[in-house]
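I've put the structures underneath this note.
Look at the two complexes coming up: chain A is in both, with chain B in one and chain C in the other.
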Partner chain A sequence: MKDINGGKLHKYVLSYLYLAPSLIVIIIFLLYPLFNSFRYSFFQWDGVGRMSFVAITNYIGIFKDAKFWISFRANLVYILFFSFIPTLFGLIVSSVVARANIRGVRIFRTIFFTPQVIASVAVGTIFGWIYAPQFGVVNQVLDLVGLESFQHAWLGSSATAPVAVGFIGVWLWTGFCIIIFVAGIQKIDEDFYASAQLDGANSVQQFFHITLPALKYEIVVVIIMTMIRALSTNVFGIVSAATGGAFGTRPISLYAYQLAFVQHDIGYASSVVAVLAVIVFVISGLSMRIGERE
Partner chain B sequence: MMRNLRARVTHLFLYVFLIVIAFIVLLPFFIMLLGSFREHIDIIIRGPLALPKIWHIENYYDVLFKYRFGMFFRNTFYITAPTVLVSLIFAIMAAYSLVFLELPLRKLMVLLSTVLGVMIASEFIMIPLYRLMNTLKLLDTYTAAILPQLAMSAAFSTLILRSFFLGLPRDLIDAALVDGATNWRILWSILVPIAKPAIITSGALTTVWTWNSYIIPLVLIPTPSKDPLAVGLLLFQGTYTIDIPLTMTGTVVTALPMLLFYLFFQRHIIRGLTKGAVD
Partner chain C sequence: MNKKEKLNFVLLVLVVLFFSLSGVFATGSQEKGKRAEKITLQMWDDYSGKTRDPVVKAAIEQFKKLHPNVDIQRTVRPLKDLTTMIIPALSAKKGPDMMVVNSGEQMEGPLVRGGHLVNLDPYAEKYGWTKKLLNPSLWNRVRYSEDGTVFGTGHIYGVSFDGELVGVYYNKDMFKGNGLGIPKSLDEFENVCEKLKGVGIAPIALAGLKDYRFFHLYALVQASVLSHDMGIEEAQKYLEDIVLRWKADRSFVIPGNIEAAKIIQDWVRKGYFVKGFLGLKGSDDLALFMAGKSAMFVQGSWYSTEIADSNINAGLFPFPPYKKGEPFSPQVGGATTPFGMSKYSKYKDLDAEFMNILLTSDTTVRLQKENSVLPARIPVSLKGIDKNTLYYDLLDDWNKINESGHMTFFLDWTTPTMWDTLAEGGRSLMGMKITPKEFVNKLEADYLNWQKNKPKPKK
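For the complex of A and B:
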């Protein structure tokens, strides 16, 4: 330890000792399982017997699997409702309210964020009742306003169920988008708007020429973040609680879960997981690229 | 004068607009809360939107003790508390190493211990985790749910703490080193007090995520008596799906602790969720 090399080695060991606890649990309980998800996807396996290598057969199977594509379609609907629509609503609302110097902003901010701290199964359970065919909230409201003819088993048919689940996403994410965009707009120099007004630009023109370009970064971040939620964790719990995955609402993640833990088709389930993981990683990779550029 | 009036009317209109949105956001919570105090037969007779005629507080007693939500609550606590505490300690040490110590392969280590960790969602690893916990003979224990959650939380907290440490002046450390302080002392008695806001943000968010986590305990703890609230709520729904008030009471028991927690730590939680874009 006395000579220079020994000191250096000592320092390196020390650095890794500090990093080790975190690094070890991440490698053993996240990275190694992720690697295994990809590895299993090349095998046929029921989880008990022998694993037999089948190369890319599972992936070819996905292409021909109608159930997978129904789930894929559900996820696309969720991307529309969890990501694009809240972003659009957020832009509209924030551009109207952000520059109006409103008092009590903190209270609205607090309220708009509350859906974020609720377990997704709890969200799904509450909306399961709101949408219920008998004694459900939506149908009761329709009854009260004299629109009984529009009453419907909202979660009980493929025509309405995916969209009904989608609306949960609008509820969940619009407030979040509003707050992010309000913060972004408040960073814009007020002089831009003042001089645009002098040039005779109306508020719609101001929105398209000043607000929208200035919010480019926030918009991309919000869309990507909500897209990832619409593809993974968020919807798994919500759908499990609200419909159990029936009537075209089952997302890819829940399909993979049922393949693995109900049908014990471990290899095929892993290939479905792998496809989902790759989609999410590509989207996350894009977001980091954009994040670095700023 | 005229201008002033117009500005006031616009202001009023914006307030009403925001209040309507706030009301829509809160509505499902009101529905949940009011529903939890009613009786199922009352919902059938008077509809889901009526106020409770008699406030059935005993729903809470039934759900907590007869339908085992008290136990689910305890299980959630046993999983969340160690996950958050241990992951914070791990993350504080890891972030210190990544920023201030001489670490060969630093870039790779940053990638492994932060970015990759936060990108891996539970469903990407649920199948191999089941096999791994089976092999380790940990299946059906709190530890099985804690370990992966701990890893995800450590990765997230390291990410937050690393960017906080990067913003600190190096002289702070160097001066203390010259004074003969050990790294351990520097970290815990100089840096940790300074990093308190970042530590609270990490801890608050990982608490919410661990409390609400569903897939990991669903897969790794098959025995209901050891499951946390999120899994317990769905088990209850599967068995007693008919009784709306009891289901809503169970939902309140699951959601209310985090709603209260959020009211206490809202600034930190919002800052963490928006990655500092707000405040």
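For the complex of A and C:
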């Protein structure tokens, strides 16, 4: 008995020892800065002088801040283009190709995944050139096909700039979604489709009654991943490089950066970041809840 | 886990710890060794590129000859990156010995209030900087009160080794080919634009997506209009009261500011800017100008070397006064991003000695002239400089500006949020989304907000 108890304790301690290095890194580089950032949100502070406690004044200020809501609107556009549309396209394309015997599948996988390995800033810079009014590819193609009247400063107006940036998200994430969904579909037993076909179900019915339910988990993962990118990391680099945040394209993350490091308002910037974090947590939580396996 | 596995795990952890700690101690001991032999001064700057980098490198070489045991280690980054690096570093009482310190509330104000910068007055007096460099009104741009609550007066916290100005680069061949001369008034400037447009040449290249393109242009037009409306002395005082001294009894909402905004909006309506300019990224406008796709490029002297090296025959003229015959209108510019000293530097006297070499040596001036930079040492001799070159135009303009003693500002200095307000407001103005009055109201709202939040003098 004694040996068994001692053995269990040993395993317990050892388990935490194995986790310790990662935990230490997470605490130092994630949790501690997160906590500090949250703490700063209750102060007025320019980053160099004294901190003045202002309680929830910063958070109240967010509700009255028109620039924050413009950024919030930009993020909603990005959620649509970086998350929902690629997920939808990914589902449609993968449902068509996953069960087909296509040659060169590995090459297609590489091509689809390539946008993922390009740095966000590089993506933003390249698309900035593609959308350039004078020599950009889009306007030149329009000119070539006789549609020069549709030429436009795509990044130079609040009507088109957010959508133009959004299309970058579709390019960036559709391939990724296709890869994930193809892998998911290929796990589904073919017998289900065979039985359904025997019962007279067409391909659309098979998609809604077999494919979609089986892909619930993959859909949740894809939506969470793409939404987080649409709210923070991806769009920051892309928008910084493509438009600098002009014409309604500035996401909340870039706004927070400018508040902190250009306007030296660390306290308010921290409150904006805290709100963004809450939005990310809520969306992630909701998505996981909806997609919970039965 | 059996005994063997346990042992392996413990050994693995020990090995990892050993290499981590040995790295730390080795570095520590090397540094100890180095400290006994050498001093390293850390310098963080944005003086890269053809115009400034050679000057800094030459100054380092000269300094090393005097102090062979002193190394100067540079970290060169764009100014925006340095702003995010320097402020946290100094707040943590770390960072460089010397660094760029952007004027106004972008950097200098917060750093002075935080007590992180050295008051350079004693060194300025020792080395005679205020006598040898720049006209007195330009020195105001690096002054703050000791408590950092009043800009434009008090102690010197930064020094600049060269000047900068914003002017109108023009394609001489396009002008000559269309019988156009240098405009001497706002009307003549608009006539030039109209004529160029008439022959299918885009008059002005401007990148709408680059924030400061608009507000540099606006400041030039504003100064021209205000000098006409108020007289040049009163206009200079008005601008200094707003930008430097944040006087509560001054307002942006005056007819001159609204008219300046209207003029630019009218230019957009008349098609004086390149097609699709609002969607142009930074430096694409410069590329268009250098490719001969537009006749003028209204921007700073920091582009002069690039333009001079391009295939076009370019010159520069100052933005004209409102009416012909009126005095030389205040131009945008001043000294380049100043250079300051950290309070936490252990080698302040050495820092100051290096700064002095960088600021005042003959080598600096020679290299500045060779690289088409505007020396802070004024007046600059034009002897030996070809009158047909862009650099001659720049130096001539620079001398006139310093002689006049009038210069307007980079308006983003006014408040910490003014950069954003001007950028967004300018794009809305040029995109026909707001009226000139609404644009000026935005500036006023920003200014009033700053009046509530600006640092107050300690009682």
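Operating definition for what follows: the second predicted complex is superposed on the first by the 255 of 294 C-alpha atoms of A that agree within 3 Å, B and C clash if a C-alpha of one lies under 4 Å from a C-alpha of the other, contacts with A are read in each partner's own complex, and residues count from 1 in each chain.
Just so it is clear, a contact is a pair of C-beta atoms (placed from the backbone, for glycine too) under 8 Å apart; a residue touches a chain by one contact, two chains touch by 3 or more.
Just so we're clear, the structure is a prediction, and the values are computed from it rather than from any experiment.
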Superposed partners chain B and chain C on chain A - clash or fit: clash
Partner chain(s) touched by A:I219 [first = chain B, second = chain C, both, neither]: neither
Which superposed partner A:F261 touches (first chain B, second chain C, both, neither): both
Chain C versus chain B, contacts on chain A by residue: B
Partner chain in contact with A:L155 - chain B first, chain C second, else both or neither: second
Touched partner set for A:I130, first chain B, second chain C, both or neither: first
Partner chain(s) touched by A:V239 [first = chain B, second = chain C, both, neither]: neither
Partner chain in contact with A:I79 - chain B first, chain C second, else both or neither: neither
Touching partner for A:K11 - first (chain B), second (chain C), both, neither: both
Steric overlap of chain B with chain C in the superposed model, located at which of 146-154, 182-190 or 254-262: 182-190
Overlap of chain C and chain B interfaces on chain A (superposed complexes): 11, 14, 18, 47, 128-129, 132, 261
Of all residues in chain A, those that touch chain C in their complex: 10-11, 14, 17-18, 46-49, 67, 128-129, 131-134, 139, 151-158, 161, 242-244, 246-247, 258, 261-265
Chain A residues touching chain B - in the complex, by the definition given at the top: 8, 11-12, 14-16, 18-19, 21-23, 25-34, 36-37, 40, 47, 93, 96-97, 100, 102, 107-123, 125-130, 132, 135-137, 140-141, 143-144, 171, 174-176, 178-180, 183-184, 218, 221, 232-233, 236-237, 240-241, 253, 256-257, 260-261, 266, 269-270, 273, 276-277, 280-281, 284, 288
Complex contact set, residues of chain C against chain A: 1, 6, 9, 80, 83-84, 87-88, 90-91, 105-106, 110-111, 113-114, 116, 208-211, 274-282, 284, 288, 293, 416-417, 419-420, 423-424, 427, 431, 433
Residues of chain B defined as touching chain A within the complex: 10-11, 14-15, 17-18, 21-22, 24-26, 28-29, 31-32, 35, 43-44, 47-49, 89-91, 93-94, 96-98, 101-104, 109, 112-113, 115-117, 119-132, 147-148, 150-152, 154-155, 158, 183, 208, 211-212, 214-215, 219, 229-231, 233-234, 237, 244, 247-248, 250-251, 254-255, 258-259, 261-263, 266, 269-270, 273-275, 277-279
